[in-house]
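Got some structures for you, see below.
What follows is a pair of complexes built around chain A, which joins chain B in one and chain C in the other.
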Partner chain A sequence: MKKDILGRKGRIAGILLLLFLFFLPFIAPRFYVYMASIILLTGLLATSLNFVLGYGGVFQFHHCVFYGAGAYGTALMITKGGVPLWISFIAGPVVAALLGLVMGIICVRLSKLYFGMLQISLGSLVWVIIYRWYSFTGGDDGIHGITMPDIISSYNNAYYFTLFVSLICLFIMYRMIKSPFGSALQGIRDNPIRSEMIGINVRRHQVMALTIAGFFAGVAGALFVVVDNTVFPDMLFWTLSLETVIMCLVGGWFTFLGPMLGTAIIIALRTFVSTYTVYWALVLGIIMVLVIFFLPTGVLGFIEEKLNKKMIEPVIEE
Partner chain B sequence: MLEVKALTKTFDGFKAVSDANLHVKKGEIVAVIGPNGAGKTTLFNLITGILKPDSGQVIFKGENITGLPPYEICRKRMARSFQVVNVFQRLSVFENVRVAVLARMGKTGNLFTPSKKLFNKETKEILESVGLVKKKNHASALLSHGDRKVLEIAIALGGDPEFLILDEPTAGMSPEETARCIDLVKHLSEKLGLTILFCEHDMELVFAIANRIMVMVRGATIIQGCCEDVRCNQAVQDAYLGRSDTCSM
Partner chain C sequence: MDFIYAVIPPQVLNQIFVGLSRTTILFIVSSGMSLILGVLRIPNVAHGSLYMIGAFMAFTVSKAFGGGTTGFWMALVLVPVAVAILSLIVERGLFQFLYEREHLMLLLLTFACSLVLGDLVKLIWGAEYKSVPVPHMFQGFVPLFGGIPFPLYNMFLLIVGPVVAIVLWLIVNKTKIGKIARAAAVDREMVGAVGINVSWVFAFVFVIGCLLAGLGGALVAPTVSVTLGMDHTLIMEAFLIVIIGGLGNIWGALLGALIFGLSQSLGILIWSQFGIVFPYLAVIIVLLFRPTGLLKSTW
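Take a look at the complex of A and B:
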C-alpha cells in the first residue's frame, strides 16, 4: 500500500515497518505490544472513518457508534448468546454495518454539517440505550472478562491476530478506494451535483460507503474485544468520535495511510503525555491548532507533497 | 428531440421561469439568450432535473422526463456543462473524464477491479477530441480557467450524450480560448452529430454557430426562430438588443 504512495523508498520503508511490526513482540515489553495492538485497531477505525470523510466527503462525526456496535455485537453474542468467537467476530461487524445502513439512509438526506449533526444525535441515542440498558448491555459497567479461545488469548497472539486482520481490512479498503466505486465516491466528494449529472446515484453511493465504513469500524470494535476482553459504553461516546476525526486530520485525510499515522501519533502522545500531566485534552487542542495552521493536509499529506510535487498519482497509460 | 412546454418555476414567490417554451430538433444547435436573470440557467436546471418544475412538461425523445432525478435523465444520454466551473477538483484531468465514462458504463458499483485498468482508451479518445490529452495528469484544480471549461465539456462527453447542454461555455475565456471553444462546439455538432443547446452572452458567437435562437425575458419565452427572425423581432430588440437599427446591418 505504501509503495503506491511513496515510490521505491517508501516500499523499503513499508517492508521495514512490516518486519518491525512482525518482530515487535520479541523485542518490546508487553505494554508496548498492547499499545501497538490498540494503535492498529484504532487506526483501522480511523481509516474506516476516512473512507467516508476524506474520500467520500461525508461528515460522519459520530463514527465510534459503529466501533461500539461491533464490539458490543461481538461481546453480547459470546456472553449472552454463547456463540463461538469466530462467528461472533463476523456478526459484530455485520451488526455495525446494518446500523451504518440504517443511520446512513436516515442521515444522507442532509448534506455536510447538517448530516454531521443528525448523525451525532442518532449516535448519542445509541449510546444512551447501551448506557442505560443494564439488564442487557451491563449499563455503564460494560462487560468484562470475555473469554477468548486459547489460540488468541495471550497478549502476543491477540497482537498478531489484530495485525493480520487490520492489514487485510486496510488492503480491502485500499482496493475499494481504487475501484470504480472509489472513483465515483471521490467524484461525489469533490462535486455531488456534477456527479449526479454524469449519471451517479449520489445518495445510494453514499449509503453504500457508510455501510462499508460501518462494517470496518465494527471489525475494529471486535478486535478491541479480542485485545482487551472488555466492552464499555465510552467506546461509543462522542468524544472518542471526535478524537477519531482528529486522528484523520492530523495524519492527513486525503491520504490512505494518514489516519493510521495520525492514530499512532495521537495514541503515543496521549500515553506519554498522560504520565506527566492530567491535562491531556489541552495538549491535544494545541496539537490540533498547530496542525490546522501549519499542516492543513496532515502529516502524511505534507510528506507526500514534499516527496512528489504533483498532488496526484500519475496515471498509467493503456 | 427536446420539447419544453409551459415550464414554470417559482422561488419564494419570485417567478424565475414562467411559461418557457422550447423545442430542439435532432442535430440542431439552439441558443438561448436573454438578459442577466432571465432564467436561462434555471431553465437548464429544470430540463436536467436538478430543480423540479412547478408546472409544465419536459419531453425528451418522446418521453416525459419532468421531475426525474438528474442521474436518470443523464442515463437517457443527455449531458450538460455548468456555467460556474464544476469539475472534480482533487482528481486528475484523466480521472475526471474516466469517472464520467465509468458512470455511463454503469460500473460505479464495482468494488474490486482497479479503476486504472478500465476505459483508458475511451477516456483518452475523449481527451483527444477536446485537445486536453497533453494535460491529462494535471490536477484539475491547477488548470487554467479556459482549460477547466473545456474539461467541463469533456466530462459531459464522458456520458456519450446525444444531447448536450452548455451553460455559457465561453464565460470568462480569453479571445483565443473562445475561438478554440467555438471550433470545439462546431466539431461536436458536425463530426459527432450531437444536438446542442447552449446559452451565451456573446452575441457574435451565438449568431455564428446557432441554427436557431430562443429569447427569454423575465422567465418567459418571447420568440424562438432562426437568427434573422430574432434579429429583426421588435420585442427582442426592445428587451435586449436595445437599438432598432440592427436589422439594417
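Take a look at the complex of A and C:
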C-alpha cells in the first residue's frame, strides 16, 4: 500500500530496502544480523495480527499464542517427533492454524471486547498447560539447543531463510488483503450488519481470517526456532501479545507495512535503550502514552495522512 | 461432625477453606476491576500493578511501624488510601481525556500504565523478594476439620471478604453516588444531560475500584512473597473472573472468584501438578455454555 501511494519513489525505496536487507550480512556485524532476523519475524507476527485486528476488526488480543504454538510445534517435532526436519517446519504453523481455527470457532460468537477477553482466557489456558507440562514441553525452562538442518544452522543462513520466508508470507498476506476475501473482511470491519445483509457470511470470514493469521503467526514462531534455537513459555505470555499490539499501533494499523515498521522501531529502540538502562518497560510505557495521545494512527498512518488527505479513515467502533 | 467427615473427607473440607480464603483476595481485586469495567468500560490492565504496588506499600508501611500488629493495621488503612490517590492522579492526568476513544486504545493505555508502574516498583523497591510478617494476633494455626491446622490469618481473610462485599453493595446500591454511577453505566450522555458531572462520577468509580486493588494487595502481602511479576498472573485471573461472572456485575465477580478459588484448591487435591489448570478449564466450560458470563452484565 505504501508503494501505491508513494508511486515511483516508493518503488525505488522498496528496492533499495530489499537490496540493503540482502547485503546486510556482508556489511553489518553478527549482532545486527541477528537483530534484523528478530525484527523480520516479529514483524511477520505483527503483520499477521494486523491482518485480523486492523483489516478484520477482530479484537485478537492474545495473538502470541499462535506464535508460541508454531514455535513449540516445530521444536517438539524436531526434538521428539523423529520426522524429517523440514516437515517439522510445516507442522508448527499447521498446529498454530488449527489452534486458531478452534479458538476462532469458540470466540467468534462474541463481539469486540468480549471476544478479546475470551480469547485472552483461552490463550492463557494454552500458556498454563505449556508452562506446567514439564515432561513434554520442558515447563518454564523451555527447550534449548534445538538442532537445525545444516543449511540454515549458521547465523547468516538463518537470516536469509527468515528474510526469504517472511517476504513470501508478507506477499501472500498482501495478495489476500487485496483479494475479494480481503475486501469482504474490511467490509465486515466497517459494518458487520450491512455485510451480513449483502450476503457475506460474517462469522465464516472471521474464522477463516483468524485461521490464516494463526498460520502466519505460527510461521513467525517457527522462524524464531530457526534463528534462536530455543523456545520458552514466555513466548505465549499475554504481555508479549499486548506488546505486539503496540507494535501495530506504533507503525500504524490500516496500513500494510505499518506493523513491520512499528516492530523495527520498537525492537531497535529496545536494543538501544537496554544498553543504557534496565528500565526499558518504563520507556516503552511513556512512548505508548505519547503515541496514543498524539499519533493515534501510527507513524505510517500519519505519513499517509500527510501525503493523501482525501483518504477516508476507517473506524473501529462498537 | 463424624457424619460430615463420612461424606466429605476432612482434607477436602480443609482445601475448601483454603480456596475460600483465596477467593477473598480474588474477589476484592476483581470486584474493583468489574466496577471499572462496568461503569467506565475500561479493561484495566493496570489493576494488577496497583495490587502489586499495594503489596509493596504494605511492606514499607508495616516495616515503618516496626513490623508488628500496629504496622499491619496501619498498612490496611494507609495503603488503599495511597493507591486511591495514585489512581486519582492517573485518572485525572490521562484517562479522562480518552473516554470517547475506542476500547482498544484504552486497553493499550492501561497496559502502558502497567508497564510504567511495574518499572517504578522496580525502581523504588528493587527486584528482590520482600516478605511482610503476619501480625502477631493472627500468627499460628487453628485446628480445623479433623485436627488439620488452618492458618489463623486465612480465617481473618474469610471474615474480611463478606465485609467488603457488603460495604461495596451498600455503596453501589444505597448511596446517591452509587446510583448515579449505575445510571452512568447505562447511559452516560443522559446522566450528563440532567446536570451531573459525569467526569467526576467516573473518577470516583475509578478510585473506588483501584482502592480495592490496593486493599487486595495489602491483604495478600503477609501470605505470599511480595515480588515483581505478581501482577501478571493476578491480572489474568481477575480478567477471567470478571468474564465468567458477567462484565460489570459485582455479584458475578463474587461468583467467579468462588469458582476460580475453589476449583484451584480442589484441583490440587485431584492432580497436584496441574492444579492450576482446573480454574481455566472451569472458565472454558462456563463460557462454552454461557458466553456472556453467568450473571447479567451491565453492557
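Just so we're on the same page, the second predicted complex is superposed on the first by the 308 of 318 C-alpha atoms of A that agree within 3 Å, B and C clash if a C-alpha of one lies under 4 Å from a C-alpha of the other, contacts with A are read in each partner's own complex, and residues count from 1 in each chain.
Keep this in mind: a contact is a pair of C-beta atoms (placed from the backbone, for glycine too) under 8 Å apart; a residue touches a chain by one contact, two chains touch by 3 or more.
Remember, it's a predicted structure, so these values are computed and weren't measured experimentally.
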item: Touched partner set for A:182, first chain B, second chain C, both or neither; value: first
item: Touching partner for A:112 - first (chain B), second (chain C), both, neither; value: second
item: Touched partner set for A:249, first chain B, second chain C, both or neither; value: second
item: First, second, both or neither for A:154, with chain B first and chain C second; value: neither
item: First (chain B), second (chain C), both or neither touched by A:121; value: second
item: Which partner, chain B or chain C, touches more chain A residues; value: C
item: Touched partner set for A:190, first chain B, second chain C, both or neither; value: first
item: Chain B versus chain C as contact partner of A:274, first or second or both or neither; value: neither
item: On chain A, the residue positions that both chain B and chain C contact, one per complex; value: 316-318
item: Interface residues, chain B side, partner chain A - complex; value: 48, 50, 69-71, 74-75, 79-80, 82, 86-92, 94-95, 98-100, 102-104, 107-116, 118, 120-121, 124, 136-137, 139, 142, 155-156, 158-159
item: Of all residues in chain A, those that touch chain B in their complex; value: 175-176, 178-184, 186-187, 189-191, 193-202, 205, 208, 254, 310-312, 314-318
item: Chain A-touching residues of chain C, taken from the complex the two chains share; value: 43, 45, 94, 97-98, 101-105, 107-109, 111-116, 118-120, 122-123, 232, 236, 239-240, 242-243, 247, 273-274, 276-277, 280-281, 283-284, 287-288, 291-292
item: Touching residues on chain A, where the partner in the complex is chain C; value: 59, 61, 106, 109-110, 112-114, 116-118, 120-122, 124-125, 128-129, 132-134, 237-239, 242, 245-246, 249, 278-282, 284-286, 288-289, 292-293, 296, 316-318
